[in-house]
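Chain nomenclature is as follows: A, B, C and D, assigned in order of appearance, with residue numbering initiated at 1 for each chain independently.
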Amino acid sequence: MVKRGYRKERLDRGIKARSDDIFAIASWRETLYLILPRAAVIVSLLAFPLLKDVLGHYWQNVMLITCTIALLALSWDLLASVGLVSLGQALFFGVGAYLAGFLSRTFGWTPLLTIPASTVAGALLCTAILFPVLRLRGIYFGLITFALPLLMMRMIEATKILGGTEGLSGLPPLPDITFELYLVITAALVCAFGFKRLMDTDYGLVLRAIRDNDRSVLASGINIQWYKAQAVFIAALPGTFAGAFLTHHYQFVGMPAFALDFSILPLTSVVIGGAGTFAGAVLGAFILVPLSEVLRAFGTLRVVIYCSFLIIFTIGLPEGIFRFIERKYHQFERVVPLEEVRA
Amino acid sequence: MRTDPILRVCNLSKRFGGVNAVYDVSFYLYEGETLGIIGPNGSGKSTLINLITGFVKPDSGKVYFRGRDITGITPDKAVSLGIARSFQLVRPFYNMAVYKNLVIPLYSPRVRKLKGGKYGDRDEVAIHLLEEVGFERDSQVPFKTAGTLPHGYMKRLELARCLSLQPEVVILDELFSGMSMSEIASMLPLLEKINREEGRTLIMVEHRLRELFRVVGKVIVLNFGMKIAEGTPAEVMEVEEVRKAYLGSEVEAGA
Amino acid sequence: MELVNVLVFGLVNSAVLALTAMGFSLTFGLSGVANFAHGGLYLLAGYTSWILANRLNLPFAVSAVLAVILAALLGALIYRLVLMPVRGIVLSEVIATFAVGVAILELFRWMGFVTYEFNLRPFVKGSVEIAGVAVDYQRILIIGIGLVLAAGLWYFTRRTRIGLALRGMAQDEYTALSVGIESDWAAALSLALGAGLAAVAALSILPLGIISINIGYDVLLIALAVTVLGGLESTTGLVAGAFILGYAMTFTSTYLGPQWMEAVYMAAIVLVLAVKPSGLFGKSKELEERV
Amino acid sequence: MKRLLLAARFIFLAAVLVIGAAACGGKDEKKAAPIVIGVPTALGSIEGADSLRAVQLAVEEINAKGGVSVKGEKRPLAVVSIDTREHEPGIPVTDALAAVDKLIAEKKPNAILVGAFRSEVLLSSMDLVAKHKIPYITTIAMTPDFQKKVKEDYNKYKYMFRMCLNAPYLVNYLSRTMGFVGKEFNFKKAYIIVQDVLWAKGTGSGLEKWLKDNGWEVVGFDAYPTGASDFSSSLGKAKAGGAQVIVPIFDMPQSGILLKQARAMKVPALMAGFISPAAPGSAWKTFEGEVEGLVNLLFEIGPMPVKAVPRSVQFHESYTKKYGQEMGAKLSGHGPGPSYDAVYVLAGAIEKAGTLEADALAAAIKATDMEGVIGRIKFSDDHQVVYDVNPKEAAIGAVFQWKAPGVRVPVFPETAAEGKIELPPYMKN
């Protein structure tokens, strides 16, 4: 039997920066081709705060939360590239948030001091908390991290420390919304590009190797626990920063800082956007958070619709949106006549 | 009068669920020597190596490296001291380019302390190492992903990983298994070079006795976790027990 | 007297926990799917039974049976529609089933099932005195159902041909194929069985109070806690985990104060896992033992 | 490719769903410049949903009479609501605040009613409201810190008022009930079981202090985390310790378990406190008569008609007429009464101030003095409606007892009482 017809053929444009192979950029056109997507994202994000009169206070706030979730998603993605699948990003967020609240309440520091301090100290604290369970793998690590924020919440509830169920309110605010926006957008961009760059260095290679095959890494004379701890520290930084930042934005910190949403949203962002790319994590957050805001119009039905979207995305594009777009950008399709196929 | 042995194993024992995987094994090895460990399947050879390199903790017994007690040390510490090993079942980093596989060991504290190096440099060192273990010069092979390598090349990559660590003791777990005769033949000069020219102490676990005996000067034989003989290859093969254990199991395996 | 109280209600609480987690554990053990829609299915069964009994005036027994069947069918459907396309990608499986569970729960919320009128009838009313402590028949029944199901589950997965084959498949698909079981069919069956068990648990536990949506989220947390503590795929682990948590809760509540209940409960999980990462009876996946 | 097609099909389905829902959801009936009332609350909660219905009822009534006159012009009221999901576990405060933010930014409400469900959301949204200067009457969240904050920075927070009661008033009602019970039945031993949340614990410890000061023995005081589902330890201790009264203070559905478990464990004590699932009129049927004898608080009257306050009877009737008999029976014991009144308070203030300008409006609300569903409405200096025992002088909450054959009999305060507390059948023999 002979079939005739046409098929689509995909071709790679063959221009990629920083691939594993040796590459050369030949022309301005190709340079532009590589830089344009990145530049477009950076410029439009940095231009966002300037549009405050057009978009209004509400969307600026949405932007803040989106960036916060994006930071947590980036943190998740970095952890995952060492093979640690976290179901408890709220731990980072909550620790950062409470530290900022504690520092400004106890010592009266300004937010400009508490945010960096609680970012670093919080990341150290999170690393210390997670250190004993770093040897857990796969879903077990995930379930422990799932339990930790809940445990923190219960501890605060039971011991009544740090304001107990009431939380700490009336904390000092940041200067103004434009400043806040630039701060959080810069943080997200620095993390996204910084993490990507980090994973391309030899250090990042070691981290990825730990995920793929820890036995060989161990036999290569590298202390896995130590590197995992370093990765947790680095990954905790954006999370604790996000917590400290939102604490001062809302001038309030309470038990909901450890809320499940801060664990689930970043995770779903990464899954929607595509794991392992960092850009995917950010993209996912920029789809999910505004989507959830738009869906508010549906009242209590909102969550149902939101979940339906989530299911559709996970089933329809398991590789993530970012990889899909990346592929489309780097490849072009053309229709070619089908050769004769004998079946 | 010689110095301390580079490696000394005293009365090492390990039980797995009621079975003696290794029982009361002792031996020593001086710097620059070569040792072969042989024995039928399941006689505890791999476990012995795991015990020495810290992948499994012994129930009793001691391991000394240059007179220093290293019993129950972690594997990465063992490497830092200069004990590198290969695995019987090779599992490279499948998703990385072949040469990038070697950047991992080159990044280890040991190599960084010995040689330094920064991003980019290690790639060159890696490619050079690959050539040394027999990857063709100027070929595209080092740039492919490791998962696509044929088995023989994976074994060589594993050897390259050990050598990249600039170890003082190299422990090779069944390097020859799965290699063709010609491949093995091409490996022998390399092993000799490692031992004679570079002065590295070599321990090999092998099934291919004929090839093994061309490399090593000393052999210990394990059966059911116990050491049943020790000596030069010729001496060992004369021992009745060895012939029985070895041939017996070979016959069984063949049946 | 106080001790008897602790012993008796510790047993009740353990049985409640075991029953709650059983469906989740079974599905994971048979197909390796962590069904995060567990809580949704649990409440679905409860509300369905209520609707059938109170709106359509069906007899309670009929409504209960129909609810179990519906939950089981939905479980199989979840596999067919949602899980099959992402089979093997654990994270996608978790997110997809979680989304399904939340969608079920929130759909009920949207339909207005938030008021305080949803009450399932206990199988038997009244209570009996055990060593000076009055316990109602429903709670005793829960212990009984828990025991019978746990034993049945153990028998099914260890002794019956189909159970063994299913379990074998979780480890190695070829084995199962050689016994003549198709992988997708088996996984769908495991989801259906798990959902059915969730429904049985719902119908026996919910009559203790009234049905409300947030219970669905709690149920998922309980299922995770119990199975993780005991070891994900083990029936023995499930029972052990339930007993540890059940008695830990009851002891804490009695001797330390109920506000410490959940803190101790969480701490127990974290502690056990820090010492034995794969749970009490789970297969260890630690590095050292994989070499 | 196949997968993509699948995805496309799903997305299409979802789009149809969304558009369909949007088409159903759109309800525009704008007339001449309505006065916009924003209702941001947890619409998925029973209190939030009932409160919104109560607000809509009041708005309809006012609009039926032509609306509110501002400087001689009659303007209708319009309600815009948004769901904050605060009552759900795992929802951070930020999410709820984002909802309030959205409502303010997009609908530009002239006033906000009902408002926060959780205490921490109320406290943290106070700054937001202060920034936008919108009159805000809250009717669900009960934290005493609200008043503290208003007092501390009056000029900043003067736009915020509260019409539901708060913990100290609850203590007042409960302690008077206990006083009566102590005298009537010669009871001296009580056991307090509360939910581990701020208002409940505050109420519990306030009552504990009163009990001790008045010669009672408090056998035990336990706090259960929200979502707890076994109360055997406290009930066992109460039974062993010979407690004659158990005081439960809970607003979670799982407290239904407490009620049933107390009966199952045959604890021979009067239950007197607050169990949210036992408050609505439908509870007798739900619990199959097991609520008999339970003495329960009703935070504000309205959901249960009290003859002494005619407006409450009237409210109950028109609510039942609009939403049906069944909805009327399910009315939550907390929220709807003050929410309904809040609309009238706002309308009155607007007419009095003759403007929608926030400062004038706030001052007018502050000066409110009117008869409402919850009794007489007057605000204290820290913007809290005063609750007491006489509906002619202040707003009242009520204490009722479930009696056969399924009726809620108001037993306290005396001014509104229609019966007396009796011992439940299981304590009589």
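Things to note:
Throughout what follows, a contact is a pair of C-beta atoms (placed from the backbone, for glycine too) under 8 Å apart; a residue touches a chain by one contact, two chains touch by 3 or more.
Note that this is a predicted model, so its numbers are computed, not measured.
Least step count on the touch graph, chain A to chain C: 1. Farthest chain from chain D, judged by C-alpha centroids: B.
Centre-to-centre separation between chain B and chain D, using Cα means, comes to 74 Å. Once the centre of each chain is set as its mean CA position, chain C and chain D turn out to be 34 Å apart.
Remark: chain A and chain B have CA centroids separated by 42 Å (rounded to whole angstrom). Multi-chain contact residues of chain A, defined as those touching 2 or more other chains: 154, 157, 215, 218, 224, 264, 299-301, 303, 308, 311, 315, 318. Of all residues in chain D, those that touch two or more other chains are 3, 6, 44, 89-90, 196, 225.
Each of the following residues of chain C touches two or more other chains: 85, 106, 109-110, 259, 262, 291. Here chain A touches chain C in the complex through residues 85, 132-133, 135-140, 143-144, 146-148, 150-151, 154-155, 157-158, 214-215, 218, 224, 264, 267-268, 271, 275, 299-301, 303-304, 307-308, 310-311, 314-315, 318, going by the rule given at the top.
Of all the residues in chain B, the ones that touch chain A in their complex are 53, 55, 74-80, 84-87, 91-97, 100, 103-111, 119, 122, 143, 161, 165. For chain D in complex with chain A, the residues that touch the partner chain are 3-4, 6-8, 10-11, 14, 17-18, 21-22, 25, 43-44, 81-83, 85, 89-95, 97-99, 101-102, 104-106, 119-120, 123-124, 127, 143, 145, 149, 196-198, 225. For chain A in complex with chain D, the residues that touch the partner chain are 56-59, 61-62, 65, 154, 157, 165-167, 169-170, 246, 250-252, 254-257, 259-262, 264, 293, 296-303, 305, 308-309, 311-313, 315-318.
On the chain A side of its complex with chain B, the touching residues are 20-21, 201-203, 205-206, 208-209, 212-213, 215-224.
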